Amino acid sequence: MIKVGIVGGTGYAGVELLRLLTQHPHVEITTVASRSDIGVPVAEMFPNLRGRTSLRVEEAGSENLLKCDVVFFATPNGVAMQQAPQLLAAGVRVIDLAADFRIKDVADWERWYGMKHACPEWVEQAVYGLPEVNREAIRAARLIANPGCYPTAVQLGFLPLVEAGVVNLDHLVADAKSGVSGAGRKPETHILFSEAADNFKAYGVGGHRHLPEIRQGLAMRAGAAVGLTFVPHLVPMIRGIHATLYARLTADVDLQALFERRYANEPFVDVLPAGAIPETRSVRTVNLCRMAVHRPQDGDTVVVLSVIDNLVKGASGQAIQNMNIMFGIEETAGLCQVPPLP
Amino acid sequence: MIKVGIVGGTGYAGVELLRLLTQHPHVEITTVASRSDIGVPVAEMFPNLRGRTSLRVEEAGSENLLKCDVVFFATPNGVAMQQAPQLLAAGVRVIDLAADFRIKDVADWERWYGMKHACPEWVEQAVYGLPEVNREAIRAARLIANPGCYPTAVQLGFLPLVEAGVVNLDHLVADAKSGVSGAGRKPETHILFSEAADNFKAYGVGGHRHLPEIRQGLAMRAGAAVGLTFVPHLVPMIRGIHATLYARLTADVDLQALFERRYANEPFVDVLPAGAIPETRSVRTVNLCRMAVHRPQDGDTVVVLSVIDNLVKGASGQAIQNMNIMFGIEETAGLCQVPPLP
Amino acid sequence: MIKVGIVGGTGYAGVELLRLLTQHPHVEITTVASRSDIGVPVAEMFPNLRGRTSLRVEEAGSENLLKCDVVFFATPNGVAMQQAPQLLAAGVRVIDLAADFRIKDVADWERWYGMKHACPEWVEQAVYGLPEVNREAIRAARLIANPGCYPTAVQLGFLPLVEAGVVNLDHLVADAKSGVSGAGRKPETHILFSEAADNFKAYGVGGHRHLPEIRQGLAMRAGAAVGLTFVPHLVPMIRGIHATLYARLTADVDLQALFERRYANEPFVDVLPAGAIPETRSVRTVNLCRMAVHRPQDGDTVVVLSVIDNLVKGASGQAIQNMNIMFGIEETAGLCQVPPLP
Amino acid sequence: MIKVGIVGGTGYAGVELLRLLTQHPHVEITTVASRSDIGVPVAEMFPNLRGRTSLRVEEAGSENLLKCDVVFFATPNGVAMQQAPQLLAAGVRVIDLAADFRIKDVADWERWYGMKHACPEWVEQAVYGLPEVNREAIRAARLIANPGCYPTAVQLGFLPLVEAGVVNLDHLVADAKSGVSGAGRKPETHILFSEAADNFKAYGVGGHRHLPEIRQGLAMRAGAAVGLTFVPHLVPMIRGIHATLYARLTADVDLQALFERRYANEPFVDVLPAGAIPETRSVRTVNLCRMAVHRPQDGDTVVVLSVIDNLVKGASGQAIQNMNIMFGIEETAGLCQVPPLP
């Protein structure tokens, strides 16, 4: 059994790790740590876990974390970079669900995230945990930078096009929509039910922190800089991300075949048949990216529709997928649930 | 492996059976039959099942049903009573998720359901599939009348009081609330998103078909007739039933202890600690009834709050629980998921 | 023109007063005051008011309030009792939308609201602003205690029965359901979209502050104490209250006629035809209580269904109705909108 | 008073016309006609209209329509073209809220709408009722083709750019999102609450009927053909359209000034301050288009965010605005409500 610790178990990514890991056949959760709610039974904070775990919240700096095989950080940005080095030095593997180790250009990271990086040396060693791109590196990694939710949906949708070199890279457009759980569990006015329900709006149009992450990922696969306009929107639903991606084709190509080939061996990417439309509920609560590729009116604009559950393939599920790869067990272990419908 | 057939696989109870049974360790689904969509791959109708089953819809009268160990009817009222006798005669066990075999008084059934019963002789033999009351009879049953969703939540909430004889039976009140999936998947105006969202209303105040079913169940345990006012309401949510139950106490009793004792050995009933409040999402997608018992202002009125997922403990999950009991396997097999939150 | 001031213009009752009063033919809003956001244009905080008012938020203690004809307090409990005496002394009429002046028994108020009352002498003089009961007193009032949202829906539904003396007063049950806006605009975890959407639960079962208010109002009309069990619930919708009321009949009476007669001359109470079902959306955004009375199975239990918009007839609309009465203008002035549907 | 008839008063556009017109100071509704529900009181079908109108539904071909000054068709596509010629011949003015007269190229219309046009001669005479473009022509029109909901939001957002000639016309992208009421009130599975709630998906990616309408409108103002990719999506909310528009800038221009100037005198278009974000609820139930223009990272891509209520500025409100213009009364008459919030 893999001994697992979770830091920041009281947010949505944390409770989702708990939900999935309590059902994982090869995992024993030994420690849940947090800066608040210390001593509180985990099952009291999250009614869905009642009867499923007897763990209580420990201090964020609990020594028990050092006895784990792997520690997940489901904490706000800037926390993992403080605590991870000590764990890594002790031989504990670390998977950070926040953004601390995602951007290779530390100066760029510091600009977007508005703080000084605490351990730039680990940024270099960190492996960006998108298995569909980095599976081999993940296998050997000690520190995983788990991708953001939007970056997962957007990169997976653009990758076949960018890798094949069949689109103009200067004017990519990613119009993305997220359920409200993407904004976290900290109470703020704009995500109150009465504010977010029966409403739709964009946000972060001037510049969202996931923009440099997506650009870096696409540029690496394209071997060239990419020009990307990224506009996120808030949808009155709990879970789910839908990315609608637009690019101008520069070559004639069988798009359906291109996408199917690219993801033929990927257990968690499902390319729908030609003409199909993915919907967010079809991946609700599961670790899966579903996508479809369209070419409206046979013009020169390709449209990719890509959906994930922001808390699973966009966060905790992908983190567990990375753990499975790192520990050499079945990549799909603990991640095979069927989504509920309706 | 238990060979399972499903008739009526294209409604919500049907797809929920499919979701749960495709993950059941001791089941092989061999046939999905329906009056419509014949030949269509099941996974095309329900995107959540894509990649999880290669079954196609067969005709409702498919001979393959005769080769099953058990057949579930997830059909409208009045269908199972036509088809079940032939299957039963062939030694196939039958679990009807509709109301055909729930009411022992056939004349009463015919009045409430507005049709002539096709096989009154089987009504007598049918076992009402509420395991918390009838476990032993279920073990030996050939035909199960799976309880309705409201009746499950309401009976489980009232049972400890009624069995202990500590409340006035003449004026029980069950104020019940259901998510919209309880109304099924057949398109009707009042359950359109634009009609049901951001709205709340009662329905069936004059008399709902679940009323005689609840009355029969409570009377049987009370050993006397019960006077029940039952008012269902429609909640703008997808899944979930919340029953708020009111009764007048006729004896001084430790209510918390009474409820805990009654359900101490029940794997799918969870009595919350004193003072707690259950919420429907805490049982979303799982086979569980959570309840709490209150006595406001220490008066003589007891209030029970009881929640289930209408499609699971209120339909398909309970049907599988019954199957597990009938076939002598672990009662919880295939029914141990952790509900997602949020 | 009536010169109006609003204290606490930044919550939902405040913005609703602004929405309705900017369209009122006989009103000029001169001052919007608050403890926060001072100097901010009102139209910036509430996008619906953009282009409709150029007012900026003034300090809560602004002297401009003394120049008003009437001041509405849309503040948390405990604020109006501090500020109202000075305004009243200056001849300004006051309408408090909070609870400071609702409960005549000051000791009882202090117990339920957990604070010392600042001006008990004004409690006695305050008129409880339920026009359907107190219209004449309101006409002459200097200080109005505007009723709570639940108390409005519950009292209006029970009044015909209680006044006519046709029900047992010992065991009234009010099962009430409210949209999330009833919990206000202050960010708290349990009213986040991701927590409240697709969910249903009771709250305050042990004792809600609206209980003594309802009991007082009913007792006054009954001329006797009443035994009431009141259980509020949270509905995943923005606006609306639905009260389902249960009482035992002690006399044979034509319920439909009783209700129609009681409210025959009330502009803002609509008794639906026999057998009808009110829904909350039918009163969304308007100052109206719709209700229906049922007697299921012709038994001895009467069921009343009563719906209001918690922010209008349950708060700001009723406050304006009271203002209209106090100033001798048409009671319906500014309150005749048609609700949107869907 | 303008005598108004409505054909198709039983869908959402119809009830919205009724809501707005019953409050219009210069209108008397004399006839509501439909192919179904004949004889039913309008107020029974739509609870929001109870007490506001005593009209009953008349036959679709009612002679009373000939006595109207203007008749609105809130009917499915293909109905108005059958009935309008007779009314027009009798001197009745006609406003069609469906698509029958929107596309000038009749062959193109017949291809997209899959039927033969019944009166091509009237297509030519019809005026496209987008007042921000065609106000003078509307004033003199006998027959108005009221714009579609998406076309209103998309055209208003693109117009300043297209008219000024500052964007590349070959690769416009309109990523549009609509509330479910846009799909109408006819019961269909995919718009059931349980299917559409807590879900997000695109539709019509291969080609939506609003595409040729938008292209025609933009091309007319650009004086050249436009290449447009239009992808609509379904949002789990009742009302509202949000169009996110992308275009490549070909000239350096003060975008904020351009947009403010373009709409300076438009009563129903509100250009938000630089950096602002419109949300659909800010125009809920009112006849208003709110928009903001952004230029992320000061790059060469302009992003316009444009929101309307699909049933008001996207349908019935705009139709009334057109009527006001046609009859020479104040353009804003009956259209000045303040949207409710929350």
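Order as written gives the chain letters A, B, C and D; numbering starts at 1 within each chain.
In this text, a contact is a pair of C-beta atoms (placed from the backbone, for glycine too) under 8 Å apart; a residue touches a chain by one contact, two chains touch by 3 or more.
Please read these numbers as outputs of a predicted model, since none were measured by experiment.
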{"item": "Reaching subunit C from subunit B through chains that touch each other, fewest steps", "value": "1"}
{"item": "Pair joined by more contacting C-beta pairs (A-D or B-D)", "value": "A-D"}
{"item": "Centre distance in Å when subunit A and subunit B are each reduced to the mean of their C-alpha atoms", "value": "37"}
{"item": "Subunit A-subunit D separation of Cα centroids, rounded to whole Å", "value": "39"}
{"item": "Cα-centroid distance, subunit B relative to subunit D, in whole angstrom", "value": "45"}
{"item": "Where subunit D touches two or more other chains at once, by residue number", "value": "12, 179, 181, 185, 194-195, 197-198, 236-239, 278-279, 281, 284, 342"}
{"item": "Chain-level touch network, classified as line, ring, star, complete or other", "value": "complete"}
{"item": "Residue numbers on subunit A that touch subunit B, as the complex places them", "value": "12, 15-16, 19, 22-23, 46-52, 181, 185, 197-198, 238-239, 270, 278-279, 281-282, 284-285, 290, 336-342"}
{"item": "In the complex with subunit A, residue positions of subunit C that touch it", "value": "12, 179-181, 185, 187-189, 191-198, 236-238"}
{"item": "Contacting residues of subunit D [partner subunit A, same complex]", "value": "171, 173, 175, 177, 179, 194-195, 197-203, 205-207, 227, 229-231, 233, 235-240, 242, 244, 246, 248, 275, 277-281, 284, 294, 296-297, 299, 301, 303, 305, 307, 342"}
